[in-house]
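Multiple structures follow.
Here come two complexes built around subunit A, the first alongside subunit B, the second alongside subunit C.
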Partner chain A sequence: MKRKAWCGSADHPVSRRGFLGAAAAGTAFAADMTVLDALKQPALAEELKWQQKRVILLWLAGGASQLETWDPKPGVETGGPFRTIQTTVPGLHISELLPQQSERMQQTAVIRSLNTKIADHGGGYRLMETGRLPEPGVAFPHLGAILARELGRIDSHVPDHVSMYTSTEGRRKGTAGFLGARYNPMFLTENMMPENIRRLEAISEADHQDRAALRDFFAERFSRTVDSAAVASHGTAYERVRGLMASDRLFDISEEPQAMRDKYGPTQFGEQCLIARRLVEAGVPFVKVARAWWDSHGQNFETHRELCADLDHCMSALMDDLADRGLLENTLVITLGEFGRTPRINGSLGRDHFARAWSCTLTGCGIKGGAVYGKTDDKGETVVDGEIGAADLFATIFAAVGIDYEKEYMLGSRPIPIADFGATPVEEVLA
Partner chain B sequence: MSRTCLWGLLLTLTLLPARSGAAGLPAVESLADQIDQAVHTRLEAAGVQPAGPLDDERFLRRLMLDLAGRVPTLAEREAFLSDESPDKRTAWVEQLVASPDFAMHLRNELDLQLLARLKTDNDWREYLLEATRANRGWDDLFREIMLPERLREGEQGPAAFLRERVRDLDDLTNDTAVLFFGVNIGCAKCHDHPLVSDWEQRHYYGMASFFQRTYRTKTGLLAERFDGRIKFKTVVGDELEASFMFLDGAATYEPPVELSDERRKELDELVRKAQREDDAEPPRPEFSPRAELVRMALAPTGPDYFSRNMVNRTWARLMGQGLVEPLDQMHSENPPSHPELLDALAKDFATSGYDLKRLIHAMVLSETYARDSRITGGAEPPAADLFAVAIPRPLTPRQLSLSLLVATANPETMPGTASGDEWEKKRDELENRANSFATRVEIPGENFQVSVDEALLFSNGDRVAGDYLRDAGDRLVRHLTSLEADDDVAIVATQVVLSRSPAPEEQSRIADYLSARSDRRVEAIQQVVWALMTSPEFRFNH
Partner chain C sequence: MNSSLKLARADKWNQSDILFCVARPNDSDRLFVGSSDFGVYEFDLSAEKPERVRLEGEQHQSYVTGLAVAGPMLISGSYDGQLIWWDLAEQRSTRVVPAHDRWIRRVIASPDQTRIISVADDMLCKVWDVATGELLTQFSDHGEKTPHHYPSMLYAVAASPDGRFLATGDRVGHVAIWNADSYEKVGEVETPVMYTWDPRQRRHSIGGIRSLAFSADGTQLAVGGMGKVGNIDHLGGPSRLEVFEWSSGTRRFEVEDDKKKGLIEQIVWHPSGDWLLGAGGDHKGFLNIYDMHSGELVTQESSDGHVHGLVADAALENLVTAGHNRLERWTIAAG
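Take a look at the complex of A and B:
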């Protein structure tokens, strides 16, 4: 691995350094250097910036009910009190709790046949974030890290994996696992601005820059004497600091016109969706916005009345905004959680964890809008048609944004396909 | 055989002086020679000229990071450089492995190896420190960590390794195999290993069998159930019962126990109580699967995975990569880079009573350890597994955190090892102060990358500015401010932070930086110290 970092020419320290930067991100993998090299060509990079695929994951933490969202069953004992509404897609009905979405279903594909089997929060989360079952001793990367690696630019000046939480389950941060810390999320905790992205007031802008240049002077003198991808990654990380600091504006929604802020609304989820749009517009390949807490063991219907209103409004504002800016065709918006909820309504008017027959949606990039895939039985208890698992969903997501879902990472001598072995994309929802 | 008898025996073995097998061992210097000879033989065959030896100042930095877990203080540096005796390196190594810093650093390394970041557990860290201070054998630690309820009854410390994993049998199984035996059999859970014929499903479930009866009591200690066997399905659908089988294929059989249904129910109830109630004493079965694991691992019928793993991990820690790489892939299809050397070191390690200090001592005395990391000329660098050039190693979170504290302190407050007891107290205090920053730093592993989070933290974190770079009496910044000439600031700052004197162009670059900011000298000095401590030269051991 260390050998790969060497280009063999000490006569061209600049180009070697560039190569080291690229290699640092690709070490130990069957790195596709051709792509990395291509991204380094300014003209090509500029073009790619506009064609670049991005993904926004709206994470419904705690597990939203498929019956109160994308797969309603009105009139049966498990159906609950809400009615359905006709959408803009002939024959497709969704819950009346999502009226704005019903007017936009021609842009969205619904998958109603997830059977992921694992119905505890931790296990479900790990499965739906990595697309595979955990394995002792292997730290699988989360969806965001894979997409950051596959869709991001090695020398990107913006973050390439941003994760925003709201509460409880949404606090789970996500990890790059064996892909390495380069792809860890920039995680927003209590406030809406990432940590350490702004200069401290005690140092002036000019000194901050000059200090960095002094650092580079020492770093360069040291780095050129050693042959090490790890040392090169140190340089890459510091090279990105100035760019990331400049991206602090992306998180500042006060820069948006009031009319735009009104469209997203004043909720935290709405504001985070607006930040997500600002980020993808600037080229951030993956943003996760978590909305909690859907875990409605009691009072399922009240919970969903409130949370669905927020989801419906914010997701619709996001889709419209992306479409208006010409970004939706290159941005995939996913709604997903760790599982769905039981058709059976319990004694507290709640629905419990349920992973056997539930739903998610895909909108935008690479997706055939209006498609409905899979079918559950009349009561919603089992999948009767088109059953898929987490790995298939991951393959579908990868295929939608143009990533070869059979691509493999090498972990030592072991090949690990980015979508688990046996995964098949759902062609029916792909454009 | 009575239970007391069995446990009495194990206990006696534990209490035997660790070095009982040490008679007739070669001197540590000749072990170092063996290392160099083995490495040299391969270099010769490959026609590779190794890098020259490190100069004194760089050698001291490397040595201190490896033996003391921190950069040298200015006082230590001056003492070492002014020491004119020809064998000063040997003498310093000897002093350092006997120093309190050594015990603390080895404790930190073992903590990182075994618990990583599952938990920061003070009882566990105290337990390890007590062991490294007394230089207890690695086998002793292994026994106690695997059998805390039998050998360290009632103590929370040694129980931590199992306790933090007991909720998940796969974690217990795999982590034990990886961390103590250098073997990753996770792949063999669902099918025989597709690439490595050594590892079959029965090995995985054999290993799991040693832990399957283990449970956690309400008070956070460990115990074992009276029965239970793992059944597993092969890929062709046969259901098999796992045996208590070690990695080398040796298996142990459980003596049959006749229990009435009534007695069995009673025992089950006692187990349930121990899991639920604070003061319930867990029952102790005579047959302990974990004790069988310990017994078989320490008396292997095949490769001595236990010794080889620790030798390999220690080598990787000091030399930048293992003789077997990756560290958890010890199997017949992934031979070591220097097979005879690994055999010899593992044998010496076992014979010495699993003496970690001796192993480390021998490695750092070798020429192989003391090579330069710098590559000169434009030639293709030699393969890393030739150990022709030293491999730069990222500091561990604690090495980095401690080194920052040492390197940004007023050097007058950091006397170093020479001050004896006073230093031991100081070091203890630094150890505690290093805790919280260490949690912000990535643990080095395969394919290590510095994260941009770290670069942002150093660039803009108020902690970094407010603590390490503070203008206060106990900080380096204040000390530098008291120096009048900019050139002196440049020299002292570089010596303290990077443990070397600046090159002329570095010195003038710093002096220029300062003179351009004579209106804000304190800030300028803070910026210089910052630029030095964020250089990769500080971030790595090289």
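Take a look at the complex of A and C:
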């Protein structure tokens, strides 16, 4: 099996945790020249690159139709009315509802063979957010928490895990589970400005700065007399809080030029995608932007005409912006929901829940653009080639951003692999 | 009106596909339907068990959503944006016209059958010469985007029986009335309740004006759709009919019904103007008769499938509906 993660072998003798420990031991690692010298080691440089990897999850809440997006079946009973369009990848066709994406498919891999079996919203959500079935007594972390932990930096001054979900239907916060509250999402719902991170009005900016300076003064003097990781961690925590307080500007898209805002467009999803770019640019390792609600039991085609227009435009703007800034090669953009939709068209011209044969996409970091993995039958009712489940998708995501998908967390004495037992990454979509 | 009108189903023919539209030449037994399998089919209703025959020649590439008979020709429109002329005698296509850039929603013939009028999601109403297939004119009073920045849709068009006026209706509830000679706009009415935008729970929209019909004297315009929907995942809103004295913009009636929910897809006025028939549905279908003196829904029948298309005889005593997996024949008589 091709491995994408740092392997821990003798050829790569510096561990990530060791590196972070060294970095965190200084007041700021960049000021410590011995650490900078250490970057000359290839393994450490590779680790730093890994550190810079990011993930943006475009969560298509409610379940988008694979037939109206990535796996169209024109001209058959289940195919619906839309035609396909040729993409920039020879032989690859997607729905005509995604014309801008069709011009960018050389950057994207499509997986058309998800069979995740669970077709209720709650169950599908839990499966696709954790990559495994629930177990009583074990709070499995969600994808964002795992990526925050694996890609985030201990000394980071920005949030590790940001999740935006403004619609109320299907809104679920997500959890870091046994990884601990440190990796829970900064969860934005009512508006896009984080709450409770602003300085209290009763404290002036000058007082705020003075208090910080005084605390630093005592902390620095104390740390000279006590050589303790706990003391260093305490200082890091304060640094992080100050960083989080200053990060509110990352959510303020009024700082962006109007021309850039125009590229993303006027919809809320567009604005949230722009915030996502600002966040990953500032070093946030995981951002989830939920676009609800695709649950088109009635009027599926009109719902997809509406929502696909939003997805197509905003996702394309995001990809272009990331690419223009040199961020796309280190940022993985995922489109995923809790399931797809039935090939059968119901009496309301709708499609219902369907988890046996559906699609997702992976773009950017670690991905072989233009790849198509898996195949469904002519009517889109079953997977006929390359069937994968949620765990395999998680392994693929981890591999794409350089995380050892076989890594294990210890929950007490129980090892729990970050991708569920037996998971295998889809090599065909990995660069 | 006779308040004891009775609606009764006379026949039902199950189909495997979805029938979106239906047309019939001059009350004949020949019936034509447009299908989700992209075909146009003929049924001979005089047969004991009508068999469907696919018209030959050039075919559509998507759902066939509009049909109109004009003299010896049948003209179909499709989500593929094309209009196709079919020779009724030969049962073959004779002309294909790339007509619209987006889905064609409805196709009608002018009362004198010299012109074809089509509306589509490019938000244009286009008028075509039946004999030559040439575009005579195009016009619009409908925005391409909804107020929430998403693509709008232009679903409905109707001609007044005297041929003097046209009406077009869109997703956000705007109706424009046009002089059918000069194609200048002569009126407008608004039905905003027929457009449901959910800004909070699901953040998309549903609804729109799905049907329009002028009264026999052309002074009244009936508008069909669906009222406000709580859960826009489904066609779960009340059917909604609004009737206007369009020249003054006065709304005479607004009628909602929760017993049988969904969109009113078709409206036909009785020649007397005393009542009208509306048909549509959610996952099931309905036919409603409304008293146009009181504005009340007075008679209602169910269909097992959503009704998309309807064709009736001049007296509105016999009709055929086309819909989801079925074709049905109905009668309307005094009870």
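We take it that the second predicted complex is superposed on the first by the 346 of 431 C-alpha atoms of A that agree within 3 Å, B and C clash if a C-alpha of one lies under 4 Å from a C-alpha of the other, contacts with A are read in each partner's own complex, and residues count from 1 in each chain.
Keep this in mind: a residue touches a chain if its C-beta (ideal position, glycine included) is under 8 Å from a C-beta of that chain, and two chains touch if they have at least 3 such contacts.
Bear in mind that the values here come from a model prediction, so they are computed numbers and not experimental data.
Peer 1: Figure out whether A:Gly412 sits in contact with subunit B (first) or subunit C (second), or with both, or with neither.
Peer 2: Only subunit B; A:Gly412 stays clear of subunit C.
Peer 1: In the superposed arrangement, does A:Phe82 touch subunit B (first), subunit C (second), both or neither?
Peer 2: After superposition on chain A, A:Phe82 lies in contact with subunit C alone.
Peer 1: Classify the contacts of A:Arg198 with the two partner chains as first (subunit B alone), second (subunit C alone), both, or neither.
Peer 2: In the superposition, A:Arg198 touches subunit B alone.
Peer 1: Tell me which of subunit B and subunit C touches more residues of subunit A.
Peer 2: After superposition, B is the partner touching more of subunit A.
Peer 1: Should A:Arg211 be classified as contacting the first partner (subunit B), the second (subunit C), both, or neither?
Peer 2: first
Peer 1: Across the two complexes, what residues of subunit A are contacted by subunit B and by subunit C?
Peer 2: Correct list for subunit A: none, the interfaces share no residue.
Peer 1: Under the touch definition given earlier, write down the residues of subunit B that touch subunit A in their complex.
Peer 2: Within the complex, subunit B contacts subunit A at residues 168, 170-171, 173-175, 178, 184, 186-187, 189, 195, 326, 328-329, 334, 373-378, 380-381, 383-384, 389, 391-394, 442, 444, 446-457, 459-462, 465, 503, 506, 509-510, 513, 517, 523, 527-528, 530-532, 534-537, 539-540, 542.
Peer 1: Contact residues on subunit A for subunit B in the complex?
Peer 2: Those residues of subunit A that touch subunit B are 1-3, 6, 8-11, 24-25, 27-28, 135-138, 159, 178, 180-182, 184, 186, 194-200, 202-203, 207-208, 210-212, 214-215, 217-219, 221-223, 225-228, 230-231, 233-238, 240-241, 244-245, 412-414.
Peer 1: In their shared complex, at which residues does subunit A touch subunit C?
Peer 2: Subunit A residues touching subunit C: 62, 75, 77, 81-83, 166-169, 265-268, 291-293, 295-299, 302-303, 305-307, 309-310, 345-350.
Peer 1: Using the touch rule from the top, collect the residues of subunit C that touch subunit A in their complex.
Peer 2: Residues 16-18, 36-38, 61-63, 79-80, 103, 121, 148-151, 153, 200-206, 232-236, 262, 281-284, 305-306, 324-325 of subunit C touch subunit A in their complex.
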